[in-house]
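We just call them A, B, C and D in the order they show up, numbering each chain from 1.
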Amino acid sequence: MTGESLAFYGLAFMLVGASILAVSVRNVFHAAMYLILALFAVAGYFVLLNAEFLAAVQVLIYVGAVAVLVIFAVMLTTRLTDARVRAHNEQVGAGLVVAVAMFLAIVMAMWSTSWPISDAAPAVDNVRTLGRMLMTRFVLPFEIASVLLLAAMIGAIVIAAKETGPPQSEEST
Amino acid sequence: MELAPVVDLVRDAVTGFLQSLGLPAFVIDMVLALISASLIAGFMAVLALAFVWVERKVSAHIQNRLGPMRVGWHGVLQTLADALKLLQKEDIRPAAADRWIWWWAPAVSFIAVFAAFIAVPFGEGLVVRDFNIGVIYIVAITTFGVISMLMAGWGSNNKYSLLGGFRSAAQVVSYEVPMILAILSVVMVAGSLSMMSIVQAQEGTMLGFIPNWFIFRHFPFGLIAFIVFMIAGTAETNRTPFDLPEAESELVAGFATEYSGMKYAMFYLAEYSAMYVMAAMGTVLFLGGWHGPFLPSWLWFAAKTVLLVCVLIWFRWTFPRLRVDQLMELSWKFLIPVAFINLLAVGLWSVL
Amino acid sequence: MTLYQYLALATLVFCIGLFGVLTRRNAVAVLIAIELMFNSVNLLLVAFTRYISPDGLVGQLFAVFIIVIAAAETTVGMAIVLLVYRGFRGIQVDRIGFLKW
Amino acid sequence: MSQYAYLVPFWPLLGFLIIAFWANRHHQFAAKLATTMIGISWVMSLVILWETLHAEQPLEMTFTWMALPSMLTKAGWTLSMGVLVDPLSALMISFVTTVSLMVHIFSLGYMHGEKYFSRFFEFLNLFTFSMLGLVLVNNYFGLFIFWELVGLTSYLLIGFYYEKWTASQAAKKAFITTRTGDLGMAIGLLIMWTTAGTLQFNEVFAAVDSGVLSGTTLTVMALFLFGGAVGKSAQFPLHVWLPDAMEGPTPVSALIHAATMVVAGVYLVARSMPVYMASEAASMVVASIGLITALMAGSIGLVQNDIKRVLAYSTVSQLGYMIMALGLGSLFAGTFHMFTHAFFKALLFLGSGSVIHALHTNDIQEMGGLGRKMKITFWTWVIASLSIAGIPPLSGFWSKDEIVATAAHHPVFLVGTLVVAFMTAFYMFRLTFLVFFGEPRDHHKYDHAHESPLVMTGPLMFLAVLSVVAGFWGMPWLSHGFGHFITSGQGEHHTPSILLMAVATLVALCGIGLAYQMYYKKAWSPDALAARFQGLYRILYNKYYFDELYDVVFIRPYYVLCDLLWTFDMLVIDGLVNLAGWLGLAVAVMHNWFDKYIVDGLVNGSGYMFRGLGRSLRFVQSGRVQNYTFLVAFGLLLLVIVQIDLLTLLTRLFESTP
C-alpha cells in the first residue's frame, strides 16, 4: 500500500460514491453538491496524473463557474418546498440495464485492446508546453473554442433574457 | 532575522524523529502536513482577531472617535472577548433548514480560505508548498467561498439568505474575470505561475532607486493592473463597497442571517482571512513580495500585507455601497475592457 | 497504478452519468449527469496522456478543450432550462414532449 | 460634375429604397435621411447649373438600352437611354431640387407627428427621383416612363390620407384624368416612332428639320403629344383634377401640384419646341388652350373660398400662361415664368400650409387678422403675392412682362393676358386681405393660432428671397441673361418696352386696388356684387360645371355601358359557363362511382397498410428526449460490442487468471 494507491482508492471511493449519489438523490441541490464533490475528486486525479494545471482549471472552471451555474439553475427552477414528485422516470430498469451493459462492454473492449503504454518520464512544466501547443499546432481549435464560448454566451443571453422587444407600433383601425 | 532557517531546522528535527520510529514516507508527509495545517489555522485565528480589532480602531479613527477602549490596552482584547462570547452562544438551527448543507456551509467557507494559505509565501523560503501553478491555485481554491455562500443561502431556507447567496455568486463570478486578467498581465511578464518565481522576478531595482516591482513596471500598465486587481479583490472578498451579499440594510445579514454562535464566527474568520489572502496576493504579484532593504523578508511581507489590508479597510469606510446593476456594469463594462486592453498593452510591451 | 484501473474507473463514472441522463426527470439533474460524463472523459484523456504519451500532452490539451465546451454547453443548457421553466412552470423532462411536433 | 448628372436622381432613389426597406419605423431617421439625400442632389444640381452656364454645348451621354429585332427593316431598332444636360434640364433640376429641399425641410415641421411620417418622406423622395429623371433623360421613351412615375407618386401623395374618402377619390380622379392625357401622349410617341424611327430628342428634331416629319403627320403628332401636357399640366379641358388634388398634404401641393410635376407638361412643350415651331396649327392650338385655361381658371379663382383651391386655380391659370407663351413661340418667356413661378407658388403653398397648420382649417372665411400673429408667414406671403401679381421689381413682374411682350403681337392674346394679370392680382390680394388683415372671424381658432417653428418658416424665408431675386436673371436689359442662357444664345431678344411694363403694372395695381376696396375697406360689398351678378357668380362658384358636365357626358354613360356589359355577362356568358358546369357535373358523377369503388379501394388499401405500420412504429417517436437518448445509448452499446476483440480478450483472461 503506497501513498499513491491510497490516494487512488480514496479518491475512487469519493468519486464513485459522489457520482452515484449525484444521479440518485431526490433533492437536486444535494445532487449538485455531490457533483461538486465528484469534480473535486477528478481534480485530485489530475494532480495524481501530473496535470496540476488541469486540476486548477478543473476547480476554477467546473467548481467556480459550471457548478455555480448549476446551483443557480436549481435555485431558480425549484421552489424550496419541493413537491413530492418522482425523481426518476419509468425507464429506470432499462437505463440500469443499458448502463451496466455499457460498463461491461467498454471494460471488455478496453481490455481487449493493446494500449501502447510508454515508460517515458512525465513532462515537467507542462503549463508552458500546453500554452505553446495552444498557440502553435492547436491555434485553430483554440480560436474556434473561443468563438464557441462567445456564441454560447450570446446565445444564453438571448435565450434566457426576458422579451423586451421594440414597442408595438399602434395599428390603424 | 530570517525565519526560514529556523523552520527548516524544526522540520528536519521532526522528520528525523518520525523516521527513527520507522514510519513510511507518506505517513511522515501527512504528519508534517498536519503540523503545518494546525500552524496555519492558529495563524488564521490570530490574524482574524487582530484584523477585526484593527478594522474597528481604524474605522473609529476615520470617523473621529475612539472605538473599543475597555478590554486591554486600547481594547486589544475586545475581539477575543467577543469571540469567547460567540463560543458560548447557543447554536440555533432553523426548523426548515436543509440540515447538512446548512451545517457544512461555514466549514466550506473556512476550508476554502484555509487551503489558500498553503501557497502564500510569508517570507523568503517561508511557504508550506510552492506549487508551480500557485497563482491559479489560490484563485481556484478561493472560489469555494462562493459555493459556501450558495450553500448557506440555500440551506437556511430564508429569502434574505437566498438573495444573499444569489448576489454573492453573481458578484464573485463576475469579478473573477477582471481579477484573473489583471493577474495574467503579471504572470505574462514573470513567465511563471509559481508564487516564489513571481516574487523572485521582482528582485532588484530599476534606474538604481525604483524597486523592480510589477506595480512600477511597464508604467502605467502595471499600476492599472494593480488598481483593477484591488477593485476586483475587494469585490471577491465581499467587502464594502461591494458587500451586497450581506448588505445589512437590505438583507439583514445576507447569507449569514440564520447563523449564530460559532458558525457565525466561522464566516467572520473566513472573511478576514480571505482579506489577508487577497492582500498577500497583491503583495506577491505587485509589491515585490518579501523584497525590501534592511529588514528581514518576513517582516517586509507582513508590513506590505498589513498596508494592503489597511487600504481595504480604508475603502470600506470611505465608499458607499453600490447597487446591483452598478456592480455588474462596473465589472463587465469597465473593469473587463480595461483589464483586457491592459493585458494587450503589457503583452505588446513585452514583445516589442 | 496502471492504465487499466483508470480506464475502469472512468468507464464506471461514465456509465453512472449515462444512467443519470437516461433516468433523471429533472432537467438540471440531467445536466449534472452530463457533467459527470464529461468529467469521466477528461479523466480518461489525462490518464492516456500520462500512460501513453507522457511527453506529448495532447490529451491534456483536449481535456482543456472539453472543459471549454462543457462550460459553453452548460451555459446554453441552463439558459434553455430557464426558458422552459418560464414557459412550462416545470422542468420535468418527460413532460416536455414538444419535440414531437 | 455634369458628367455625373445621372447621380442627381440617384440620391433620392437611394433614400427611397433605404426608407422603404429598412427605415420605415424610424420616423425621425427617415425624414432626416430623405432631407439629406435631397440636399446632396441640390448641391450637385447647383454645381451642374453653374457648369452649364459656362458650357459651350450641351452634354449628352447615351447607351443602347435594348435592340429590338424588326419585321420591317433589316437592321432592327435600337432603343437608347441617356442623360442630357443642357440649359433647360440644368435649370429644371436646379429649381426642382431647390423647391424639393425646401418642401422637405418644411415637412419636417408640418408633418410632425403624422402616423405615416416616414412613408411621406419615402414618397417625396420617390417623387423627386422621378421628376429629376424626367427632366434629365434624353429621349421621349424615358421621359414617358418617368412621366408615369411622377403620375404614380402624385397619386400616392394625393391619397396620402387614404382613410379619408375625398382624398382617395381625388387621388383616383387625378390618376385617371392625367392618364387620359397620357393616352394621347402615347399615341403621339407611337406616331413619332413609326415615322421617324427614333425617340431621341436630337434625332427627332433632326427629322423635323430634314422634313422626314412634316405636314399633317407632324401636326397630329404634336397635338397628341400636347395631350400629355394638357393632362399633366391641368390645362383645359383636363384641368379638373388639380383643384381636387389639394386633398393631399399641403407640402405635397407645394412641391408637386404647384412647382414641379405640373410644369412637366410645360417642360414637355418647351423640350419639343422645334416640333411645335414647325407646325403653325399645332402651336396655335397650344397657345389657345393656354389662354383659355388661364382665363377660365383665373375667373374661377375669384370666388373660391378654400385657400388651397384658390391657389390651385391660380396654378392652373399660371400654367396656362406658360403654355400660351410657349405656343406663341417664346421659349424664353414660358420657361422663365416656369422658373420664377416655381419659387413664389411653392412659397404661397407653404405659407398656406403654415396658416392651415396654425388654424386647422382651409376656409378663408374663418380666417382673418393673422398678419399680427404670424409675422414671418405674413411677410413672405405678401412678397409672394406681390410677385405673382407682377409688381416690380419682384420676380413675377419680370417673367410676366416677358409673356406680355410675347403676346403683344396678337391683340386677342394681349387683352387676354392683361385680363388674367388683373384677375391674378385681384384674387391673390383677396386672399391676402381676408387671411391676414381685418378682424378675426373665428375667435376660437384665432386665439389658438401661433407662428410656425423655424423649420417651417426657414424655407418660407429662403423661398421669399428667391422670389425676390430670381427675376433679376431675366431682366430684358441683360444681354447674357436668362433668355441667352436657355436658348443657348440664339434665341429672340425683345427690346424692352417700358410702355408694356407700365401697362402690366398698372393692371396689377388695379387688381390689388379693387381687392383693397372690397375686402379691406369694405367699400363695395362682395356679397352685393355676387347677388347682382348671381348667374355669373354661380357659374364661377361651381367652376363652370365642368365636373358635372364630365359626370353627365363620360361617367354616367360609362356606368350605363357597364350595366349593359354586366347584364350581357350574367345572361350569355354565365349561361355558357353554367352549361359547361352542368355537363362537367354529369361527367363527374360517373367518375365518382369509378373513384369510390376502384381508385379509393387501392388508396385505402395502401392507407390501411401504412396506418398499421405507423401504429407499430409510433412508440419510437414519443417526443421525450430521454427515450431518444436511450436509443442512442443502445446504439452506442452495439458499436462498443462490435469493437470487442473476443480473441484477445479471452487470451488475456486466461493469461491473467493464474
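The definition used in the following text is that contacts are C-beta pairs under 8 Å (C-beta built on N, C-alpha and C of every residue); 3 or more make two chains touch, one makes a residue touch a chain.
Note that the coordinates shown come from a computational prediction; the quantities given were computed from them, not determined experimentally.
The chain pair A-D and the chain pair A-B differ in C-beta contact count, and the higher one is A-B.
Per-chain Cα centroids separate chain B from chain D by 77 Å. In whole angstrom, the spacing between the mean C-alpha positions of chain B and chain C is 33. For the pair chain A and chain D, the distance between C-alpha centroids works out to 69 Å.
The distance from the centre of chain A to the centre of chain B, each centre being the mean of the chain's C-alpha atoms, comes to 28 Å.
Taken residue by residue, chain C touches two or more other chains at 18, 22-23, 93-94, whereas all remaining positions touch fewer. Taken residue by residue, chain D touches two or more other chains at 626, 630, 633, whereas all remaining positions touch fewer. Residues of chain A in contact with two or more other chains: 53, 57, 65, 72, 89, 91, 94-95, 98, 102, 106, 111. Because contacts link the chains in a way that matches no line, ring, star or complete pattern, their graph is best described as other. Against chain D, the residues of chain A that register as touching in their complex are 89, 91, 94-95, 98, 101-102, 105-106, 108-109, 111-114, 166, 169, 172.
Across the interface of their complex, chain B is touched by residues 2-3, 6, 27, 29-30, 33, 36, 52-53, 56-57, 59-60, 63-65, 67-68, 71-72, 75, 80, 125, 127 of chain A. Contacts from chain C toward chain A in the complex involve residues 1, 3-9, 11-20, 22-29, 31-33, 35-36, 39, 42-43, 46-47, 49-55, 57-58, 60-61, 63-65, 67-76, 78-83, 85, 91-94. Contact residues of chain A toward chain C in the complex are 4-5, 8, 12, 15-16, 19-20, 22-23, 28, 31-32, 35, 38-39, 42, 45-46, 48-51, 53-54, 57-58, 61-62, 65-66, 69-70, 72-74, 76-78, 85-92, 94-96, 98-100, 102-103, 106-107, 110-111, 115-118, 120-123, 126, 129-130, 133-134, 138, 141, 145, 148-149, 151-153, 155-157, 159-160.
Those residues of chain B that touch chain A in the shared complex are 24-26, 29, 96, 98, 100-101, 131-133, 136-137, 139-141, 143-144, 146-147, 150-151, 153-154, 157, 162, 165-166, 169, 173, 176, 193.
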